[in-house]
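Next up: the structures, one after another.
After this come two complexes, each holding chain A, first together with chain B and then together with chain C.
And now, the complex of A and B:
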């Protein structure tokens, strides 16, 4: 295709991506280097019979004017990145000196908002991803051996947790595990503890969120593995059977190696998706016990009437760096595939 | 003989059947429960004393005189103006899908037919863009949108959703167009068509299966979005998902959780129909990237 024609074909989509994905990333970076203006203080001296007294008051008018004139705020360099609500280097150094054991040190660091969010995000990603892979494979193998008539309806039902809006899906589960909901009330009866509440304990909240994550993502890995199972080479399977391989051995030595590339694909997609976990924490109203990087950004922007653009920008930049690290293997893989197919074409 | 041996009942197959059955219950039960419960009153849906109350509707019978009630739906749709959010969602989703697909087919076609180095780079960039968490992008939009006075209106949200949709749409349509033989449009060009005429008369008539599959995923992205719509739309322009989220804040105080339950069921119903009608396309779309890559 001629360069000129190519340009006109690609123009709409490329300009959309540059204007609303690439530039916002730049804008986020610029915002993260700025901080909101402080309030303008006016100092007035009032003299009475017992001497003079200095009082300072906030000049609302001037503050608003200043903020309107320079909505970005004033330049702050990288200071937002290292303040208490982000990387908090000073606080960590302080805790390191003060803490008497590694345990207390980690506990203190965990109380810093950025590290708290990071801890949950990483744990969530690390726990949900393997569960989704293993259970998805198990369900796929199970569905594959179902009679043909049942496969369609089974796949229909299996797709639902993934297709449904994440916010809505997590709300549905949230209502069920509520102290008065069907699961919550049943659990209270089973453990004979009327005060048992999944929302009150941090550990249970984490477990609940991860169970939701597995429920939501399992269909994706199931569908991919199920499609992969349709292409398992029949010859190899028969040869294995003639050699006397048991069902388990056939699964272990024929099916699973065949599915390995798909597993890599699912893992990479899951790592990226789980890293941005957001909606369930909002739905479960779990922010007291579990926050993620996305939720921290959301809260900064939601700061009523007075969004903290600088703070949100700094967290966003660090999230983007995290995504970039996770993405590197995908990029290398696609890069190699692209090179290979280009080499084939020549 | 092979098929017989393959389908022999072993402990492993029994276990896998049990697992599938358990998964089906876990996947479907929350939806059935909420659908059934949305026609009850709150005292039944959240019944501490006896969970079967929610099935039989004891309190519903006492309060309304019938085992089923549409109170939740009336409250959500009429009292709380949920219909307005539904309408907004309709507008946003419709335009997002149409514009995404128009941009995406043009771009995807060009990328599939180019074979130049820069085409590969654009695809790589799209892959990076696709991985960006939406909320980080939103934090880049807010300030400029406030400054330009375009915050809170539907067109802004549509444009943003179209842009966020592009990386995925491009990749999917790109791989779809690769499967349409090059000879088709190239022979049309030998006959004197321009590139665009070849696209218009030869490619467009055969591209619909791929476009429909891609369109489904664009639809899901726009319909399910919370990060963008909740931050970029003003109160009266809210779409369904942020409306449901804001319901929660207000209704729990008033004890009208059932409004939110009814709204949730209303928002989920179209997705059910979608999966039912387009199950095959959704499955093929999900696996397209995996099986080929």
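And now, the complex of A and C:
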């Protein structure tokens, strides 16, 4: 294709991507470099139904001129990125000097909000992604070998977790694991411990969130692998059977290599999705035991009354960087494999 | 009989008609747009305003949403603003004032003073910024039958009595977790801490500045009290807010509770619970540290405010309409929906807790510009202490560090 033709061909996609992806990211980045102007406090008396007291208020006159001159706020450079709510370099250096052992140092670092969120986010991604891949493949192979009559209904039922809205699905599960819910009460009976609570223990909460994550994402990988299974070449499969390969060997040496590109695709999607884990933490009310980068952003925008846009912007940028780092190994592998097969073709 | 009913209906209709006729609705043909939270008392007030002045306005629209707090600043920022009035509370007024989005009401209050009493006016630095119409507070709920069964004959008035009563109920084998509190991580946990902190005489900031002072002896004492209390709460307490605690109460699974007064009428009514629970539930003042001390509570009001970025005529029409709803008739028809600050209110059992808490000298929720940031830091950082992973000093030091970081970003600290 000529360069000129290629340019006109790609132009609509490119402009849409710039408009809807690149520009918003740039704007978030610019916002993350700014903080609010100084708020001048004036002491005043506040009175209401419950009496009067000394209080303070923002002197609007004093801050208005500043706001109009620099509507974005005060330029803060990358300092938001390294403050205590984010990378916390100063705090970590301080803890490193003060800690007497590596254990206490790590415990103190874990106490910082960003690292606490990162720890859960990474664990969640690392656990959920492989499970979704392996179980998705297992379910796909299983469904594929069912008699034709049962296939349709089984596929439909297997897709249910994805059809249910994530927020609703996790809320239902949240009520089921309650001490009075069907799962929670059964567990209490089985372990003969009336105070057993999935919501009160950090470990059990983490397990519950990950089990939910696997349950929710499984249909996606299942349906992708199932589609792939329909294209496994019959000739190769028959040749393997004639050569005396067992079912397991056929799966290992014919089916899985054939599905490898799909596995890369599912891995990429899952890494991105899982790194942004959000809904289950909110609907399970699990913030006491588990936070994620997305929850931190949500909190900055919602919970302190007047939103902290700079802080939320900085965490968003770091989420994007985190996803990019996670995806790099997969992308490099794909690129190398692509080059190798291209070389073979020549 | 028929005649009598007919006569009464006629009289009521006549009264309503004359009230509507008499209501002073300010400039005609204006657009009135109200943003408000979503609970019965607010519906009652806005309904009355619409009945009185809706016909005379060119537009009377209302948006009742539980998300009012999160959209109000964005909605009032453009000129003209999306809404002419926001019905708000202590903390949300601060949130709007921080961005200078509500207007002083001094002139309007003077002009439409018929239904307004001086104690309804929320003044800051001499300017009336809101007109309150109802009060709310968290306070003690108690089941007298269960207390009596455990050998306790009076409703606990101090934290020590509360703990002793909880222990007695547990020791008597009646309930393992007799206490319910709104302790959901985040805003609710922060608020419950605030109650106990103010009960201990704590101060959030150095007066007149944004420098935090929660890591104080009062702060540590408050945290220790809180931890002693949660030992009697359900193990899932960090996931429980008002809906969950009300549910536990109505299911008869709790005997002592620190809950919102506004839940009182819902708990005491004959829906969702058994007579055993409703008949023996007593609403009392929030507990204090010492007998007769300051109740551990924050007093809240709900009131009306008027947007800055709307025309003066719209502002006046909106104010007049809302104030026209603050009548004794409206209160009488919705008496148990709120602790009204208006004429015509007869305090019933559902209002007893809030009234006793206010009488005891409880502090209002602080109207300080940076309190939202502090509240958020408390809600996020105290969890580690309650889970037993940190000392009280460390948890409060974390609160101050988290607050300081956010307050610097918001421009309150340099």
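Simple rule for what comes next: the second predicted complex is superposed on the first by the 267 of 346 C-alpha atoms of A that agree within 3 Å, B and C clash if a C-alpha of one lies under 4 Å from a C-alpha of the other, contacts with A are read in each partner's own complex, and residues count from 1 in each chain.
Heads up, the rule we're going with is that a residue touches a chain if its C-beta (ideal position, glycine included) is under 8 Å from a C-beta of that chain, and two chains touch if they have at least 3 such contacts.
These figures come from a predicted structure and were not determined experimentally.
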Partner chain in contact with A:35 - chain B first, chain C second, else both or neither: second
First, second, both or neither for A:12, with chain B first and chain C second: first
Partner chain(s) touched by A:159 [first = chain B, second = chain C, both, neither]: first
First, second, both or neither for A:168, with chain B first and chain C second: first
Touching partner for A:53 - first (chain B), second (chain C), both, neither: second
First, second, both or neither for A:179, with chain B first and chain C second: both
Contacts of A:272 with chain B and chain C, given as first, second, both or neither: first
Footprint overlap on chain A, where chain B in one structure and chain C in the other make contact: 178-179
In the complex, chain B residues that touch chain A: 2, 5, 7, 10, 12-13, 16-17, 19-20, 23-24, 26-28, 30-31, 33-34, 45-48, 51, 54, 102-104, 106-107, 109-111, 113-116, 119-120, 122-129, 131-144, 146-147, 159-160, 162-164, 166-167, 169-170, 195-196, 220, 223-224, 226-227, 231, 241, 244-245, 248, 257, 260-261, 264, 267-268, 271-272, 274-276, 279, 282-283, 286-287, 289-291, 293
Touching residues (chain side chain A, partner chain C) in the complex: 35-39, 41-51, 53-58, 60, 63-64, 74, 76, 80, 83-85, 91, 111, 113, 178-179, 194-195, 197, 199-200, 202, 284-288, 299, 302-306, 308, 310-311
Residues of chain C touching chain A in the complex: 70, 73, 91-92, 94-95, 97-100, 119-126, 132, 135, 176, 184-187, 207-210, 234-236, 238-239, 299, 301, 341, 358, 362-364, 366-373, 375-376, 379-380, 383-384, 387, 390, 398, 401-402, 404-406, 408-412, 414
Residues of chain A defined as touching chain B within the complex: 1-3, 5-6, 9-10, 12-14, 16-17, 19-28, 31, 71-72, 135, 138-139, 141-143, 145-146, 152, 154-161, 163-169, 171-173, 175-176, 178-182, 185-186, 215, 218-220, 223-224, 227-228, 231, 238, 241, 247-248, 251, 261-262, 265-266, 272, 275-276, 278-279, 282-283, 293-294, 297-298, 300-301, 307, 309, 312-313, 316-317, 319-320, 323-324, 326-327, 330-331, 333-335, 337-338, 342, 345
